[in-house]
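What follows is a set of structures to go through.
What follows is chain A paired twice: with chain B in the first complex and chain C in the second.
What follows is the complex of A and B.
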């Protein structure tokens, strides 16, 4: 399980969606069909960025039933560790890349009589695939999509054409806001809520649904943490008997992999729990950035998620 | 040239009434013997389900053996008597198509001489030579098949199949076909979650086995199926040991004697695998049953020795849960003739 199966692909198109977002299309290198997937799934894209091998999750936005063409959209992040910059600057049509099999941590509940969707900015991508799936199965849904301004409102025109009045758009620069409380108070019984977007938006929906009495299991969110750049540090891997330097622009997991340690992972965004690692000892601060460990586990100082979290101190020993 | 039915290596036999089921010597040796050491305890004994060594039940992802056609005839008899052995809750339709695709594509690529699948978009053509089936249909349109997709394809595949929906960090038994089971009922378990349907198992809950197993299962993704082996024992080579039919097979549990134990008592092995399904994100959980009589086991000295030691040291709670109390001592006594006390080699394959 530590090394998920991968697929060799070729980049068939790179499309400028707007000034911040590019769309990438992949087909299988051997010409065979790609695996079908379910709306909300993501793939890990491997990038050989000089010395660094990055593996970054991106939501699939193409139709889950289209096995010839996978599509992802990447928003450029000038302050990030360089993954999105690599995609924007280095990846060209015709390039060969490697991706993981689709994995879904943001699946539709197929029993729901209605799906209420909240998207913020680039968080629209998993909904694009889910909506194609729901259209194919006559599902009942409604999308509320908040963007900064018209120019950055990716895919609004396509959505307006395909889903018509089931799309509701909100522009920050026109002071338009989603009326969460009204919407969350007027849904038919059994509705499921889905949210993907900036952290404050996700946290707001979680808070309001709880306050308004929504069952927890009817509220779904896609929350990939990003592996952020940070101060370099050193980690000792006791089981592997190795000491690894983690550089400013690499994650702890990437540094372990570069040292030849076969560490488990699945989402690489602090969401799935697969890379959870026991901390044997440390003398500083564990910088938790994941959405997996609960407050008690964080306070205990005994667990860390190396895909996104970092360390500040001089000694960190992991059971890996 | 078309293969004639009489050229195919499938036995004509029964799993009820006169019990004409027999294993050939080759089939005995390729069985997935479940004990890798001389004792048994519950564990999260999962591993990747990769194509295994040639000449074993692990060689292909969905094993087809000499009992295939007869097992499918037995399944048809069970379904005819009790249609509730195959059920699917309404939200599992998409998963049914996923199962059909998975089984057809694997069978056609593993056994091209027996199965073929031709696809032109959604127009599919399926040929199953051992069962004499030639079916053209539209993928995604169940009106073009004689049964719902799940039932259609699992009437042509050995073993039981449970289809588990993933929701709320749990797995739910929301569809399946169950006719070759070790005393459990799909009709009873349908709609239950992973902890609910495992509730009757002794000792394992306290050891945290199910919490860890679920955590592992939820991370299984497309392209990386996993498997584990489970086991129990059955009197007579009966596939359908269901709670619904307990009145038929229950009384047989007290018919084992020192004279008939070799032929009448069977080790029942379950090769369980776990597959993430693409369109539905559901999990397919096939449970394939292999039957080996004590006599069959005695043809592989290491296995007979090990079976003897496992039964001797088995915790009483597990023996009772598996229903072995009526014949365990008789089996131990009979198997002792194959145990000379010497150590067995590691692993579970024959020497």
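What follows is the complex of A and C.
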């Protein structure tokens, strides 16, 4: 049931988008078309970094109509576990890599007469694919894109050319802010809203849509948590009868996989619920980093999401 | 003759209890006893709640609904419509939804037909059916779509029921079409039309 199938690909281009972002293009190694996907889908990219095998989700930004060329954009994160640094420093044109099948946890509601999109920073990537899809199907949309400054505003020029006045850009360094309340109070019946960006932006949109009275089912968000580095710890896997060390720069899920345990996952970003695991016993603190478990489940200490969460203590026993 | 077990059919709509949700505008649509659900909700809302609200009320039995109507009028909604039938009220509902901004809540209460037809109307205006609050009050009479001729028969209270359009005797199932706002009716005596099971009043 668990780990989804993978595809062998070759890196066909690596493009410097700006000082923090690189774009990677993939084609299938065997020359066949890649699987079709819909705007908002992500893929898991496998990175064999020495001993470590990392698997990280990235949104597909290329056109869903093009199955010869998958594109992702990776923002360098110097504080992270090293996945983005690996992509930036090690991955070169011509290299062979492995990716997962596309999964969509952020799809467009195709019945919507209007799509209102809020993007922050690198959160623009799923919208790039969705917009290509909407242009092809004559969909009605409006994109509000907030970036730190002109230099870091990835793909603004390209967007300005293709979507013209449906693009609204906001620069932090010029004190420009998206007028969320005004926008959220003036949308015609049937509109769906989508947000992808930094955590505070997503939380703000969720809070304001709720306070203003938007029906939840008309609000969509892509909120991937990052597996953060942390203190090493040990986890006992009861069903597999294994004890696994989780290193500083590895996620619990990656450590389980390295030990040969076939654990379920889909998003690897604490958003889909697929990796939810029962905690049988522990004597420390569960460090929840996901967006899946609710407050009661967290307090109960009975569940954990190994794709992003960690542990601090001497004994953790999981039902896996 | 064994009847299909409909207990596991997921399409049979489930209704809840109306409760006020924070929003910039509230749109209510009710028929007959359904008006009472609005009156009860009104007992526990913030001041000025009904200042930005609209009520569409179908009063098909004025003699029975006079108290409810009076209570609804006392809410002093800036916009209130009353009409004699659901079908007369639907165009009004449709217009109100299309004028509405998305920071609004829709509440529907009343008979099975009211809930079904108002949901259908909202869906036609591209509102997701899960965005609606619904509460059942009053009649369980069903709108039934004959799966053979596709005709819809209103106010069906019996099992089985006759299709008004093609005359077939129909088993009324829990299988529901939101798009048609109707339960599905399947011919019950196809093998032997001379076998005519007695009709029982079940949807009242």
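By our rule, the second predicted complex is superposed on the first by the 320 of 320 C-alpha atoms of A that agree within 3 Å, B and C clash if a C-alpha of one lies under 4 Å from a C-alpha of the other, contacts with A are read in each partner's own complex, and residues count from 1 in each chain.
To be clear about the criterion, a residue touches a chain if its C-beta (ideal position, glycine included) is under 8 Å from a C-beta of that chain, and two chains touch if they have at least 3 such contacts.
A quick note: this is a predicted structure, and the numbers were derived from the prediction, not measured.
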Touching partner for A:29 - first (chain B), second (chain C), both, neither: neither
Touched partner set for A:15, first chain B, second chain C, both or neither: neither
Touching partner for A:217 - first (chain B), second (chain C), both, neither: both
Touched partner set for A:179, first chain B, second chain C, both or neither: neither
Touched partner set for A:190, first chain B, second chain C, both or neither: second
First (chain B), second (chain C), both or neither touched by A:111: both
Interface residues of chain A shared between complexes with chain B and chain C: 109, 111, 217
Complex contact set, residues of chain C against chain A: 21-25, 97-105, 125-128, 130-132
Chain B residues touching chain A - in the complex, by the definition given at the top: 48, 90-92, 94, 98, 165-168, 215-216, 219-224, 226, 278-281
Interface residues, chain A side, partner chain C - complex: 109, 111-113, 184-191, 193, 209-218
Contact set on chain A toward chain B in their complex: 1, 4-5, 7, 35-38, 40-41, 64-65, 100-104, 107, 109-111, 133, 137, 217, 266, 272-274
